[in-house]
Amino acid sequence: MANGVGTGKVTVPGVVLGGLLAIFVVISTWLFITDRYWFTELSSEHGASLDGVFIAVLIVTGIAFVATQGLLAYFVTRYGANGDEKASYWHDNPKAEMILIGGTALTLTILVFYGQLVWYDIYFTDPPEDSMVVEVTGQQFQWVFRYPGIDGEFGERNISLVSPTNFIGLDRNGAGADDIVALGQMHAVLNQPVTVLLRSTDVIHNFHVPHLRVKQDAVPGLTIENHFVATIAGEYEIACAELCGANHYRMKAALTIDETEAEFDQWMEEQLPFQ
Amino acid sequence: MTTHEEHAHPQLGFVRKYIFSTDHKIIGVQYIITAMSMAVVGGILSMLMRLQLGWPSAPSPTLEGIFPTGFAGGIMAPEFYLSLVTMHGTIMVFFLFTAVLTGGFGNFLIPLQIGARDMAFPFLNALSYWTFLLSCITILGALFVEGGAPLGGWTAYAPLSALPEMGPGQGDGMTLWIVAIALFTASGLMGGLNYVTTLLTMRTKGMSMMRLPLTQWALFITAILGTLAFPVLLAAGILLTFDRIGGTSFFVPAGLYTASGVAVEHSGGHPLLWQHLFWFFGHPEVYIVLLPAMGIASDILSTFARKPIFSYRMMVYSMSAIAFLSFIVWGHHMFLSGMNPILGSLFTVTTLLIAIPSAVKTFNWIGTLWGARIQFTVPMLFAVGFVSTFISGGLSGVFLGTSASDIALHDTYFVVGHFHLVMAVAPLFAAFAGIYFWFPKMFGRMMNMTVGKVHFWISFIGVNCVFFPMHAMGVVGHLRRIYDPTQYLFLEPVYGMNQFISIAAFILGGAQILFIGNFFASIWLGPKAGKNPWNATTLEWTVPSPPGHGNFGPELPVVERWAFDYGLPGAKEDFVMQTEAPSRVESGSG
Amino acid sequence: MPTITQEVTTVPIPDRPDVLDGFGPPARPPVDAGGGDEGRSPGQGPAFPVSKGRLALWLVLTVVAMLFAGFSSAYIVLRAVPAWENVALPGSLWANTFVLLGSSVTMEWTRRRMAQGNTASAKKWMAATTALGMAFLGGQILAWNQLVNAGIYLTSTLHSSFLYILTGVHALHLVGGIGALTAITVQIFKNRYSASRHEPVTLCATYWHFMDGLWVYLFLLLALA
């Protein structure tokens, strides 16, 4: 009886399984290193650092992925049963384990720090003083955008004023007299900071602008602030990213980043007759 | 002694023996078959979803005949799609995975592997199954009530779930959903009570905790997790029910109104409270599903590697660490919920902390295969498939656990791909491995291994074709729970991928028919199995297949060693049963 | 079988770690072959120091504790929202609390008398416990009545919602407890228990004390709003 002396055998199922794993690793790697399936074109200032975190995590997990799946593929190919030959009898190696645990912990610690620096930058930095404030209200199944108007102040909202034309119950007396309300359309100016105040009047929605890397829940009862600076002019899609009901899939809006202040002002003026 | 046994367990009629049985083996099989039936329903729902995603709003008169309201006018209604989403998730998470892994394998294996004659409380055990069956009927009922099944997803976020006026299915359908989950919770708690008590007090002589097979450790830890997590879901469900029918406002803030401008009569609550309570339960639930799968896969890997599991102790410690940490990571589901961003940072740290024990387990599985003599049986193939999908899904979790990279990926198909690989496919593969492995012990016959191999190869290729590309779709930005992705231009690059995934999913789904056919045909037609067809070491393989009532002969077995003596140098065979006394090994080595 | 632990050293060790090609972890001598064991000799059963019944009871109490932990965390979170509004607790809750504390004391006396084999005395205290338990439940209904009379309903404020639900869910657990108390009272009066055999009494006592403690906790939580 061979007491584990021997080398194991390369078996057919082993090769097939190992080969499949290898093919899988190659295709997966290809999926993520070609830019065929990649983020939408980056169009905001803060987005670059977010994409950077993604790439850092991608590199780390990519290496781990190739290494572990690769080893798995190698071992299943290499160590098939060989007659009544025995496997080697070992089942502990504290030193190797400590090295692997330590390595994993260290890598993850670095990732956490890097990721949290970016997170901190985005969530703990106040928007600039001069940023344009837009109130964004999500409701089944539309986005309502409100600009404070010339006085720079939002008017009161009152639920009793809600009507088929007044989606958010805006009180036109007082500060609300000059508020500009636009349905499904938002405009902002290139390279100028924008602060959005997210609200909801029914269920939870999520204000998502993929190109700007903006994604934030709009929660009823709360006003959640989010800010960004768009770096490329153009027209962008706004989606609702939190399941909000039957027509969630078409709760979308358009964001136009105007190249100049003048274009923006012109749009504002165009909105006035509807108010 | 034998006559005493017969006296103690008189012959029971068919109904008492196979239907209203208190025998843990029958209850385990009942759980497995019920869960399989639920999986068929959940699987068909997902096929319908894939149909819509691949070919949005394609007219289908056939389906209109089957679902007159869901396909009114021949085209799937958006609310019908969302009710498919909700029901698929709920059925698969609770009624398939939780049920089959803890209810099925837990009941069947615990007494057999620890050397007990039955569970500590057999009647409670039967009650647990019947409550589970009732909850299955209740959740399926949600599909047939006015307005259909709820459309809020399995997470049932408030206020959507709290306000019936916010959508079809949020009325009676949602109420039935809550009732079903409450019943399921009760059933799970009864089971957990039994598992912990049995595992602690009824182990046979010599079966110390550190000699338990890893499946048993996993089931033990899972039962504790369930005991701690399920009641919180129950509490949340009670509060939600009061919000829905009692007029309270725990989860509903003031000042809401419907799309038609009708004010909602609630005041003062907080929607994020639901998410906190739900995920405090929900994340441990992930591990309630995953830990038994890990245990089963570990034992099967070692068995067919013919080599001891690598680092048994670390396996136990890492499972315990995962279980503990699972209670302090729930906020990583809520990075973008408006929760305080400082909490986002804290939850990132705890989440990546949980990656360490998960990595340990992966290393140990791979270490187990190092220098092995692998027998590529069907259970082994599925166990290796488990490790591979666990690695894929586990690593993509790092992106989502890091709050900064979660911003782009939150609520996209990246998440869908991640959790399907790690907590649907991996547990599914472990469950398949377990069923192929213990089928002979359940029914005394082997399953057809050729069909089993075909089933594995199609499934393994299939799941990687279906779920891995979803990560790439998520990077492009494909939102989850979207009825029609062609609404968005920025998703144009992945329209084609949706069709590819749908086709792969249909093939994958079709391949499961092989399994179901194999399972039921083999109960009657499979080749007879001996006591120990796999040359495994644990106690259930010392008794006939299937074991009689009371499991063991007149004397309970005495355990002399751990469960992983494969390839022990000096032993006659390449495995040594747990009951084998050391002297026997020595003589074998001579 | 006392000589078992010797087994491992007698197992031959292969000359060379076979499969590793000089790479990777060395094949450690299987010093703990049959390992994973914590040195318990196989002759000893893994006798667990707690009975099945007691263990099961502890698990049930863990479930109850987690259920109320869920409610408590909801309470604490919502306590901080601006819309929170306190209501006055009905005065009878104080009296009820003393009744329940009293029932805990009588339950404990029952248990001790039972352990001493003093069945006659245990009968009295058991009956008293059941009566006090029922009195507490009656008192809770009275308290709800007081609330309704004061115009405080389930939906009035978040505080009142919690007040009704927490007292209600706690009362449901007491209904179960009183079922057990009643059953045990009947058994005691039938002289089914003795000093050596009265586990149901001790288990019931544990459950009852727990419910008592839980009530004091809930009462403080609601009162200190």
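Per-chain residue numbering starts at 1, and chain names A, B and C are given in the order in which the chains are listed.
In this section, contacts are C-beta pairs under 8 Å (C-beta built on N, C-alpha and C of every residue); 3 or more make two chains touch, one makes a residue touch a chain.
For clarity, every value in this text was computed on a predicted model and none was experimentally measured.
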Of all chain pairs, the one with the highest number of C-beta contacts is A-B
With chain centres set to the mean of the C-alpha atoms, which chain is at the far end from chain C?
A
Centroid from C-alpha atoms only, then distance chain B to chain C, rounded to Å. What do you get?
29
At what distance in angstrom does the C-alpha mean of chain C lie from that of chain A?
44
Residues of chain C that contact two or more other chains, please.
12, 14, 18-20, 24-25, 30, 33, 35
For chain A, what residues touch not just one other chain but two or more?
3-4, 8, 79, 87-93, 96
For chain B, residue numbers touching 2 or more other chains are 253-254, 269-270, 312-313, 367, 370-371, 564, 568-570
Chain B residues touching chain A in their complex are 77-79, 82, 85, 151-153, 157, 159-160, 163, 166-168, 252-259, 261, 263-264, 269-272, 305-314, 336-338, 341, 344-345, 348-349, 352-353, 355-356, 359-360, 362-364, 366-367, 369-376, 381, 384, 387-388, 391-392, 395-396, 398-399, 402-405, 407-412, 457, 460-461, 464, 468-469, 471-473, 475-477, 479, 481-485, 487-490, 493-494, 497, 564, 566-570, 572, 574
Interfacial residue positions of chain B with respect to chain C in the complex:
120-121, 189, 192-193, 196-197, 200-211, 227-236, 238-239, 242, 246-250, 253-254, 267-270, 273, 276-277, 280, 312-313, 367, 370-371, 558-565, 568-571, 581-583, 585-586, 589
Within the complex, which stretch of chain C touches chain B?
1, 4, 6-8, 10-14, 18-20, 24-25, 30, 33-38, 40, 42-46, 48, 50-52, 55-56, 59-60, 62-71, 73-74, 77-78, 81, 83-85, 154-155, 157-158, 161, 165, 169
So in the complex, the part of chain A that touches chain B is made up of which residues?
1, 3-4, 8, 11, 13-14, 16-17, 20-21, 24, 28, 31-32, 36-40, 49-51, 53-54, 57-58, 60-61, 64-65, 68-69, 71-72, 75-76, 79-82, 84-93, 96-97, 100-101, 104-105, 108, 111-112, 115-116, 118-120, 122-124, 139-141, 159, 162-164, 169, 198, 201-204, 206, 208, 210-211, 213, 215-217, 219-222, 224, 237, 239, 241-250, 252
